[in-house]
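First chain written, first letter: the chains are A, B and C, and each begins at residue 1.
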């Protein structure tokens, strides 16, 4: 049984890299999208709202299929790994935009007004006042989303990425011990989510001290 | 961009629709049944995990933690590919409903628990002072208020359940995506087929998500009068 | 000088006059009146013995002993944090005392009893409670608020429950609000409805936890009027309050608490106008200086 466990773990590097990289894409691109979403210019705002809603309305597996089979079989040659990253990354960006926005609107009006009264230039306002508070609020939701991404990464196995779910499925076909193997696979995903939850609690604790209300 | 639609015509679309629609119906059925069975079980779990008796609390906790912690696709494969090796072989349809019900029960138990916790403590005290027993207190006072709070989140989760029926493709359920993929593999018009399938999802999930936003907006407006 | 007791069985008579002896710790049972059961003399209807409560390392109640005769109106006053509310809530076990025992109408529950659910239930049946934050059920009409427990706990028929409810709502002056939702009622109205809801279960003792503290002075007056009427009809009442007027003029006895202990107890007028202890003097002085 231990041998099976380690066979399944061969997929761990793929799972972790897909999760971390799509999270990174989401964290990075989610910010400009959030800015568009909160823009004062109506057409930009409407565009952002529509795009975010569209991205989130379509299931992750469908996006990945569209990228891998839809684009991949005609337009460009794309590896399963890249296709999974593209699909999950785009979805992550849309979701992170909403999470950032949640953090942004939680900041009281007074903060903006105080900054203006102090004559702070916009960039300093953002850096020193808005961002710390926004991130503190967004952190728990981001951690929850990261755990969700970890689970969504299993979808990549359907287009051939040799991640944990893939290894589990293959092993089942070879050994016919489906019950035990899939139980182990599930357990591994749960175990992998624990450090994220722990880190998030730690970070929340630290940030709470820094951004006392 | 237009290269993606090479060889695709409106006649193709019309020819595909019956097939895609049949798949769409199966997706809807699986989602609806999973929600209808899963949410009541979620309610039982929400109440049961707070039980003081370990023989009740422990199995429910495990049920919820695995249902929430494991990817839905793994739950699906566990039930469809894994169980037969131990004697229980279920059809794709039943397996899909079983797995998504498990997932639904697990997630909604947390949502409902949060809703119940948000009911002001004074309500529970009034229930105690009046002498209402635990069941009546829940049924008449705490649950009506708690569920009202949980409704936007439950609706939001229902959207996700509908979306996750697409994962049932991997256990050979003939739902929407499997139809689109099938069309794609015979015509090589993957992009158009998947795009149309995507539009089906958009048609359901987009209005639903606006409804959720509206409900969330309204409930936060109510509490801040 | 022994206490003179009038022995009237007519429940709607105003409260019988009782003269207390010098030893203010003596409590004599008064029979007659809504709040009094057919009970033996010289027994307290509500008795707390050695009641203590701690939250973690913080002791909120130290060894409280209290006897409340049937038909008595007891006011509990004292500075914030003195444990008054906690004490009241220990009587109907909304807070579980860590030490001591509570007796109401012959039913005793000790703090050590872990399986006293049945006993606690019997205890609560005799007690009605009115909360500082009203705690009406917001998703039901006023009428339903008052009939629900009657039907579910006392097993009255819907018709009977409605009758009793309308009578009580009339008594507190809110019969016209029966089909409205609590959110459409003012704070004073909600509190009066809460009183009706508690009375609907025919309690022997009514507990009031700072009933007017959440109300404007004006709205508080309506509630105090209802409480005054209740007191004169003979109900046994234990009232935690900041309203000195009520304590002085309506209640029979007053208990002053500070730092989780009972500091003084006695006939209200004596305790409030002529406190014996330094601590009580300090508190009452602060109150009258406002």
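Assume a residue touches a chain if its C-beta (ideal position, glycine included) is under 8 Å from a C-beta of that chain, and two chains touch if they have at least 3 such contacts.
Nothing here was measured: the structure is a model prediction, and the numbers come from that model.
Common neighbours of chain B and chain C, by the contact definition above: there are none. A comparison of C-alpha centroids places B closest to the centre of the full protein.
Chain B and chain C have Cα centroids lying 49 Å from one another. Distance from the chain A centre to the chain C centre is 56 Å, each centre being the mean of its Cα atoms.
Mean C-alpha positions place chain A and chain B at a centre distance of 20 Å. In chain C, no residue reaches two or more other chains under the touch definition.
Remark: chain C residues 92-94, 121, 124-125, 127-129, 131, 133-139, 148-149, 152-153, 197-198, 201 touch chain B in the complex. Across the complex, chain B meets chain A through its residues 3-4, 6, 65-66, 69-75, 77-78, 81-86, 163-164, 166-167, 169-170, 177, 181, 184, 188, 190-191, 194-195, 197-198, 201-202, 205-206, 209-210. Within the complex, the chain B residues that touch chain C are 120, 122-123, 125-126, 128-133, 136, 140-141, 144-145, 148. Every residue of chain A that touches chain B in the complex is listed here, in rising order: 53-54, 56-62, 65-66, 69-71, 73-75, 150-155, 157-158, 165, 168-169, 172, 176-179, 181-183, 185-187, 189-190, 193.
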